[in-house]
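The structure that follows is given in the form of structure tokens.
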Amino acid sequence: MASVTLENLQKTYPNGFKAIHGVDVDIQDGEFLVLVGPSGCGKSTLLRMIAGLETVTEGKLSIGGKMVNDLEPSQRDIAMVFQNYALYPHMTVYNNMAYGLKIMGLSKQEIDERVKNAAKILELTEEQLTRKPRQLSGGQRQRVAMGRAIVRKPSVFLFDEPLSNLDAKLRVQMRIEIKRLQESLGITSVYVTHDQVEAMTLGHRLMVLNGGNVEQLGTPIELYERPASLFVAGFIGSPAMNMISTKMSSDGKSIEIASDISLALENGGAADYAGKKVILGVRPEHLELSQTDNSLPFTVTLVEHLGADTLIHGHFGEDMTDLTVRVSGTHTVKAGDQLPVTITRDHIHLFDPATEKRISL
Amino acid sequence: MIENRPLLRIMSHLIMVAGVVLVAFPLWITFVAASHSEQRMTELPLPLLPGGHFFENLDIALNQGLWGGDGTGVGFMLFNSLIMALMISIGKIVISLLSAFAIVYFRFPFRMGFFWMIFVTLMLPVEVRILPTFEVVANLGMLNNYWGLSIPLIASATATFMFRQVFLTIPDELLEAARIDGAGPLRFFKDILLPMSQTNIAALFVIMFIFGWNQYLWPLLVTTDQDMFTIVMQIGKLLEGGEEAPQWHITMMTTLLAVIPPVIVVIFMQRLFVQGLTETEK
Amino acid sequence: MLKRVHFEPSVLPYLLVAPQIIVTVLFFLWPASQALYQSLLVEDAFGLSSEFVWFQNFEELFEDPHYWGSFQRTFVFSFLVAFLSMSLALILAVMADRVIKGSGIYRTLLIWPYAVAPAAAGALWFFIFDPTVGFIPYALQFIGYEWNHKLNGNEAMALVIFTASWKQIAYNFLFFLAGLQSIPKSLIEAAAIDGAGPTRRFWTIVFPLLSPTTFFLLVINVVYAFFDTFGIIDAVTGGGPANATNILVFKVYNDGFVGLDLGGSAAQSVILMAIVIALTVVQFRFVEKKVAY
């Protein structure tokens, strides 16, 4: 068990490309941290730096309070689960798990004990232990890859998109297993994914990366309720948050959504932005189909029935701003209908169009 | 095929059989000649069916040679050929595996320089550097021994390229997993790369064994001592003949002995042979 | 070329490439450079002194009618070997692709000559064509033809061409068969639906699609005929009669190792080197295309 500390961690490739611009984070002992972001954002690079598979250009990386910048991967007391499992194809499942232990120089008995124990935790049968990886299904291979990580009894688990090769149903199942496993073993984990659902459900904290920069670090609820930037707001949540270009009133106490429709802000608004353009963000689930003083005239263009929810797509105003509304249950509305839509003020987000950062109220 | 024309099918089979006969006829005739007495092999027309002297001739060829023991039995030459073929094929595989491993898995100064040096050997068959190569071997004291027969032939661009290709298809994650498991370069080579290249190694061995066994010009250059002759170069010597009447039954028996080992390898390891042939041409 | 992930730099890679590089330098690069150097020297009859003569050896070679004769013979020989063994192999491969039953057995029975040493192949055919006891001369005398390749240069050439082609059929057959089997069956079926018969389909669909294989084999066969037939020539004809089968690779050996003409042989080596380099370049250019095809 150990904490992992990253201090101003940077990565520049020999060709001059800067993949990581300086990351600071203190991962607590036993914490599950998810690195999330679009492809090319640097999340895998960061994970591989922690693993020791990529060198650290600048900054300090410590595991369990010990600086490990220059240590070999095998000396860092970590274990890693790869996207394509990276099982040795010519070895049996048993030997795949035992290989690292043999190199460590553990006794046969100790190795056997650890492998059998891991197999039990992962519900791999004795018979499966004697098979070669190619004779296993995707889910079973995934378990073996995790078994190989578990037997090392590492201080830190590293996961590199471990579920992306599985089909949707298996992915949900394995996600739950990973969560349960991490909680029962209590091992500090860093998990890379581009899937926001995986990120939200697994992580104690999420680190959203974009272009090698940390956009936001926080719990899933923090990210959902107070996204720090337009990027995070758009990335977390599905369907994505609605973004509406608006203008702050001249006293900075309300925003003008459309001509003659304005919305008063909480806490007296933001005086700094009086009269300036701001971006209003509101999640589809925070829009209501109701007639109020400041409801918007909304024209429906498409309705998606998801069963539990209904997504209503449409637009409003002269410049036909797109809007998606999510209502629970089924709904009889159809394309072409005109409906009033109300924005409730306790669930709105304001962003500065220039810096793309959140405007706090 | 698409048409179901019996005539076409029969014709195809006939042509195939004709081809097989054309290809096999010389070997059959050799076998027949090796199974008749010396007397019968001077009477025209020669037999088309085997006779009863096969094992007698085999014994003469192996232990006495032509002209009733005046010549040389070729038993020890078979042994020399085997040693040479094994040394060449194993040597090629070992040094090519090592250099392909270095070139694919390490970044080091002159890496590409070494790569091109190995590549250039493709363009320098023995035939274009006969005399100077002979001089080098002579100066190193490698004439008339197994080292001289094999070492100068074990550099191999084809084998190096093939292993390079094989290694490049092995996913990077396996190396990363091995590094996390604590395996150093040599351990990774031994535990992961070698077992994963098994069939490629076997396929290459088949091709290179045949290549080694069939060497002709090279043994001709570096051996003057009869004890070091190989079976294939002996064929040339037998055909040169001399004053005496040719002893076809022994000559063809010797040829048969030279031909059979590599042919058996090809027939019984056909799958590996075909794989090796196509892989080394990439 | 290089793995994205690789090991830390150390002395190890140098140790790993060392055996291959030592062999390459000692037995390939150094001798080749010596051949280049010696091709510019003339040695006296006893090998005691040598004189640097620039390109005199080459000039003499190009003025030597024997050398030109050998050059021409080599080209004729290579062309006929490539043509004969490739056409026979193609016919057999087309038939093997056509028959479903027994094609495995046919393949086994056709590929083994690859394993026969050139010199041994020479012995097989030498025996069949032996003027006194051979089957073919025996048969030919009934139609009034007297075969004796030991005296007749054309017959000697024909014999080495047969032998060299016979040995190479196996290789060509395997590659043609693989080429044929990689042509999508749907293409052939589409042509059949369009009304093309087997012969027409072969010339309009199959043969054009085989052209990469054909070209590849052409290069391989020419290289084979140029260099790998030494054993056949040496065992069967010894370059004779009267130089009729004295192809370049045999001549370079004969002039240098037997005739001990150091400078002349070295100059011939250099010319052969140029030919191999040209053929290798053609082959590698082509391999790149094959990947794209």
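Some observations on this one:
Chains here go by letter, A, B and C, matching the order in which they are written, and residues are numbered from 1 within each.
The rule is simple: contacts are C-beta pairs under 8 Å (C-beta built on N, C-alpha and C of every residue); 3 or more make two chains touch, one makes a residue touch a chain.
None of the values given here were measured: they were computed from a predicted structure.
Two chains share more touching C-beta pairs than any other pair, namely B-C. At the far end from chain B, in terms of centres built from Cα atoms, lies A. Chain A and chain B have Cα centroids separated by 59 Å. Chain centres here are Cα means. That of chain B falls 16 Å from that of chain C.
Our note on geometry: chain A versus chain C, Cα centroid distance of 62 Å, whole angstroms.
Shared contact sites, meaning residues of chain C that touch two or more other chains, fall at 5. For chain B, residues touching at least two other chains, in rising order: 176.
Contact with two or more other chains is made by residues 53 of chain A. In the complex of the two chains, the chain C residues touching chain B come out as 1-7, 9-10, 12-14, 16-17, 19-21, 23-32, 34-35, 38, 88, 91-92, 95-96, 98-100, 102, 106-128, 130, 133-135, 138, 166, 169-171, 174-175, 178, 188-189, 192, 197-198, 216, 220, 227, 230-231, 234-236, 238, 249, 252-253, 256-257, 262, 265-266, 269-270, 272-273, 276-277, 280, 287.
In the complex of the two chains, the chain A residues touching chain B come out as 51-53, 72-75, 78-80, 82-91, 99-100, 103-104, 148. In the complex of the two chains, the chain B residues touching chain C come out as 1-3, 8-9, 12-13, 15-16, 19-20, 22-27, 29-30, 33, 41-42, 44-46, 94-96, 98-99, 101-108, 111, 114, 117-118, 120-125, 127-137, 140, 151-152, 154-156, 160, 167-168, 172, 175-176, 185-186, 210, 213-214, 216-217, 220-221, 232-233, 235-236, 238-240, 246, 248, 251-252, 255, 258-259, 262-263, 265-267, 270, 273-274, 277-278, 281-282.
Of all the residues in chain B, the ones that touch chain A in their complex are 171, 173-174, 176-183, 187, 191-192, 195-196, 198.
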